[in-house]
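In the two complexes below, subunit A is the common chain; its partner is subunit B in one and subunit C in the other.
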Partner chain A sequence: MPNVLMMVKVTIDGIEVEVEAGTSILNAARKIGGDAVPPAMCYYSKLPGTGGKCRTCLVEVAAGSTADPRPMPKLVASCSTPVQDGMVVNNKTSERVHNNRGGVVEFLLANHPLDCPICDQAGECHLQDLGYEHGSAKTRYEEERRTFDPIDIGNKIKLHMNRCILCYRCVFVANQLTENRVHGVLHRGEHAEISTFIEQAVENDFSGNMIDVCPVGALTDRTFRFKSRVWFLKPMDAERSCSKCCGKAVVWMFGNEIYRVTARKDKYGEVEDIDGKTAWLCNDCRFEHKSAADWNIAGPRVISRNSVISQGKYATSIEKPVKRIG
Partner chain B sequence: MKNRRLLLEHVDVPGIDGIEVYVKHGGYASLEKALKKMSPEDVLEEVKKSGLRGRGGAGFPTGMKWSFLAKPEGVPRYLVCNADESEPGTFKDRYLMEKLPHLLIEGMILSSFALGANQSYIYIRGEFMYVLNILEKAIAEAYAKGYLGKNILGSGYDLDLVVTPGGGAYICGEETALLESLEGKRGNPRIKPPFPAVKGLWGCPTVVNNVESIAAVVPIVRDGGDAYAAIGIGRSTGTKLISACGNLARPGVYEIDLGLSVEEFIYGDDYCRGIANGKQLKACVPGGSSVPILPHFLVTKTATGEDRLMTYESLAEGGFSSGSMLGSGGFIIFDEDQCIVRNTWNFARFYAHESCGQCSPCREGTGWMEKVLSRIEHGQGHMHDIDLLADINKKIEGNTICPLGDAAAWPVAAAIHHFREEFEWHIKHPSEAQTRNYGLIQQPVVA
Partner chain C sequence: MESLTNRKVVVSDKPMTFMEKLYLPGILKGMLVTFRHILMRRKTIKYPEETREFAPIYRGMHVLKRDEQGRENCTACGLCAVACPAEAITMTSEERTNADKHLYREEKYASMYEINMLRCIFCGLCEEACPKEAIFLTDRLVPTQFERGEFIYGKDKLVEPVDHRIDITKRQFTGKRTTL
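Our next item is the complex of A and B:
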């Protein structure tokens, strides 16, 4: 007998959707799309175990299930709460969610340096988007901000701990994609920091993916630092044959020059699945191949995330492929 | 004696920490009774009948918790004793383990038997190194006597018991952080569900209980659940260890019958004998630092004028506007000379230090509150800081992974609620606040 998956119905912001039992509220909302989707800073669907930490995806459960329609007393983290049949969830439609999410954003920004003008992540930063949507114009935080010195973890990656929101995504990358994790979270509470054991270099083939999963500007590409603002660059789908990874990437170009290489990301900022596998990039493709001749460039990439780069500038203009090498 | 009943009955007997003396005073009789005459289900039934509620703070019925334990075939189950007692003001478990290690061990064997666990752990706070030595000595004695190991008392039941010290982090008292720590990882609380009863230690069904809850199983099995339930009032049954500290004439650990009046506990001759040095009571934190503080006029009477009793229900009467919680039984008394602002800052400092830093509201919120309170205490506060604190509280409470966020928010919220005038006075008179304390607050006139 084929395995029949149990389907359950859940209502999010008044829209009903049918999903497999065990799906999280967040993923059910992503099936609906649009405003029903709560923001997620720490959850990353491609990295099992992530989520639950940043609390920006808090939603209100107005009815637990058909069997037990009582509301849940606390707001729940939608990324780690599974749906039940008949569950009613309020996200965008709940004043309480809006207030508390604003509170979480305020906490995330409390010790954040707000150095967007000199941060390479600006323009594709999730915290920037979230601050724009939920933050207030003025901070109430009068205390001295917690600071760390930026450190180089290896010759390719820069760590700006000041900007970090401790989402733990990069730790999961290190656990799941690379051998011998050498970095993690040290200390606790307000003093917690991402670091390596005694500033060791993070050097293994897939460590560069830490940069892609980082929702803020804490981990940046040293080969791209201060080269250009991301919105001045043209993202192009490109491919090369690589023995270590799938070789499918996005190259960010200015004229005929490649400024940086990233993985292909979807509208939630997550690395896409290509042919059923998450298209993580190896460090060789990411850092060592910055010449247009290295890549087979397919065409402009539509960035569907709601941020500066996607404001229609490149999505509509038809660019000719720059160069094709067979 | 009135304040030594079930658990602490023989605490003053010299050498009671040794197995010979313990057995001479009726020790391990409950174990013999359970293993020879009862089935695991019978023990569970007695615990359910006793109405015993978790003594670690939350007060969840122990029997119910045990019955939630998943029992899939071929998967081991674990019992873990939470001896990571680190709440400021609470020191009852340390006293019990230090004086009566065999009571805990007997309770562990009984509880493991009821749950069908063949491997159990006592996770003890890292600072309690000397208690660890006491427990290890006691466990070795129990093995030698055949109370632990293979085929205990010829019943065919096997149990191994291990004591593991933590690294001294308060957060490891949260049950899932405790399990992470016990597995050798960083002590970060897990995201729930799944709950430990389904997926706990090493991914197997696990029950985590407080030291006192486990010790209470011994008299429950000995006298029966009904006899235990006969003590106390309503859903607060049995006896409870209270660690009383602060400005009391006779602070210490007392075993009280639940239902004792708070007045009797503070002023009674058998208990704390009143406030030290003839001073007046200013405030009381009845259940460890994380529960709301009560001003003097709400300590012995509730807002409706009824006598306040030492029960889960009576102490919580009035909710967070005029009540508090029994919590873990860390009873802290403040006299008229104590500064509430300074104390609130001190508590906030503790939680900021102990937050694991995993989820943002707690990591950033506890640190923020600590800094604002520190400013107020040191004469650099502004009037709008009070509302800011109240607002930060609301944004932390209920939005965190584990209850540490709530525990950090409640004492600050309650202190501002009840002692707002004192905070305002601190801010308005910064230099005076450095040299003298505000004193007693006036009881509001009830309309």
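Our next item is the complex of A and C:
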């Protein structure tokens, strides 16, 4: 019976869930949802091969499996560890995981500049969320932060190498979505940096998706640079017919003006699947169509009420979010 | 019925006694109170010539601070505007050019920054939210005007002049933030 997948039972934070064999702990936890889900800075479910780099998704495995119930001695990266039958995982319930994750955040922030007031990603930055939950208000790092000379990678995408946490997501986007990859990670260790071959501009139809997958503000929309702050804008679900991509996007509006266009993202910050396909946006939709007449605007997007983006938008004064179809 | 508050006074119209009919003791008693006040310290001041001392944390007109080199601290991050309960603050930001490096401290600056002083409730949340120690409330008062439009304060009225700095060293939020 080759089509029947083997199902395994795994317990995460005391909640039992049944998943297919070979699923990672992280994806099993996402099936439960809520607090059981470890955060992820580098793993991106829509990009095969990502994960295992940032170490923020570390979890404690209290029992390896029914066959071998010994606990794993070290914390494991949940994004790249497959579940086994009878595995017991602690994420939120484990003090050790919390402390370790705080340490990982401290490492990520060691070289990350404190320029959130300037950064366009502020308000939708995963490192900000993580820092808020785990980071301390003061840094113990006494050395100078590493800095890079600014590199111009074209007039559509802005690269701030200083903010990069080297999650490699953008490289996977370039490998998997575009025809010719022109950027990658150069050098090693502390000197590693995202760059293009001899300062060549990144020009591919789908290169703009690097902006959406970037968990921090290293890759931002240059056409939106310093235009506004995300929490002053109103995200609206919009659609247009496009020959290159699905044309389903979120337009960020201020009054009747469209300030920027992004892909539709789910609660994990990943681009949503629409009609069974990941709704990546082409550069044409993202950068060239900033007029409200170009888009068929469906209605306000549902934003978590805990997000800063929903700040100042009183639920009674704007139209009620409509439930999206499909 | 028993009164709920016991505050009511029953009016009586009993006839005055002989002493009350004389009036003079009552007048003397009243004058005594008046003369006692002549000897007391005065509680009022002669306002325009004399002014009262302000509390060091008095929340009056805002100031947008400059750093020691005279560059504007504000980077138009929008945290004051999002913290403002009265929605009195608006701003637009722009990227600093190389020629303007001596004017603005950060890569981004506020090209327009407006506070509507009629909306402002002087709560001081903008001062508390500011990560760059740029906006402070001061002990200056917002002067009265005849036109509503004159209460919309732009950068010309808010940013402190380079040669006439506004002292904010006694404010609660001075020196509390690391500036990086």
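The rule is simple: the second predicted complex is superposed on the first by the 304 of 326 C-alpha atoms of A that agree within 3 Å, B and C clash if a C-alpha of one lies under 4 Å from a C-alpha of the other, contacts with A are read in each partner's own complex, and residues count from 1 in each chain.
We take it that contacts are C-beta pairs under 8 Å (C-beta built on N, C-alpha and C of every residue); 3 or more make two chains touch, one makes a residue touch a chain.
Bear in mind the structure is a predicted one, so any value in this text is a computation, not a measurement.
Peer 1: Let me test your reading of the model: by the given contact rule, A:Glu95 touches which partner, first (subunit B), second (subunit C), both or neither?
Peer 2: After superposing on A, A:Glu95 lies clear of both subunit B and subunit C.
Peer 1: Report for A:Asp149: first if it touches subunit B alone, second if subunit C alone, otherwise both or neither.
Peer 2: Neither partner.
Peer 1: Thinking of the overlay built on chain A, is A:Cys54 touched by subunit B (first), by subunit C (second), by both, or by neither?
Peer 2: After superposition on chain A, A:Cys54 lies in contact with subunit B alone.
Peer 1: Once the two complexes are aligned on chain A, which partner has more residues of subunit A within touching range, subunit B or subunit C?
Peer 2: Between subunit B and subunit C, B touches the greater number of residues in subunit A.
Peer 1: Classify the contacts of A:Glu179 with the two partner chains as first (subunit B alone), second (subunit C alone), both, or neither.
Peer 2: In the superposed model, A:Glu179 contacts neither subunit B nor subunit C.
Peer 1: Should A:Arg188 be classified as contacting the first partner (subunit B), the second (subunit C), both, or neither?
Peer 2: First partner only.
Peer 1: After the superposition on A, what does A:Cys116 contact: first (subunit B), second (subunit C), both or neither?
Peer 2: Once the two structures are laid over each other on A, A:Cys116 reaches subunit C alone.
Peer 1: Once the structures are superposed on A, label A:Arg229 by its partner contacts, choosing first (subunit B), second (subunit C), both or neither.
Peer 2: second
Peer 1: Using the touch rule from the top, collect the residues of subunit A that touch subunit B in their complex.
Peer 2: 51-56, 58, 73-75, 77, 80, 82, 100, 103-104, 106-108, 110-111, 140-141, 143, 146, 165-166, 168, 184-185, 187-192
Peer 1: Going by the contact rule at the top, pick out the subunit C residues touching subunit A in the complex.
Peer 2: For this pair, the touching residues of subunit C are 75-79, 81-82, 87, 92-95, 106-108, 131-132, 178, 180.
Peer 1: Show me the residue ranges of subunit B that touch subunit A in the complex, using the header's touch definition.
Peer 2: Touching subunit A: residues 169, 171, 186, 191, 193, 352-361, 363-368, 371-372, 375, 388, 394-395, 398-401 of subunit B.
Peer 1: Given the complex with subunit C, which residues does subunit A contribute to the contact?
Peer 2: Contacts found on subunit A: 113-118, 122, 138, 225-229, 231-232, 308, 311-312.
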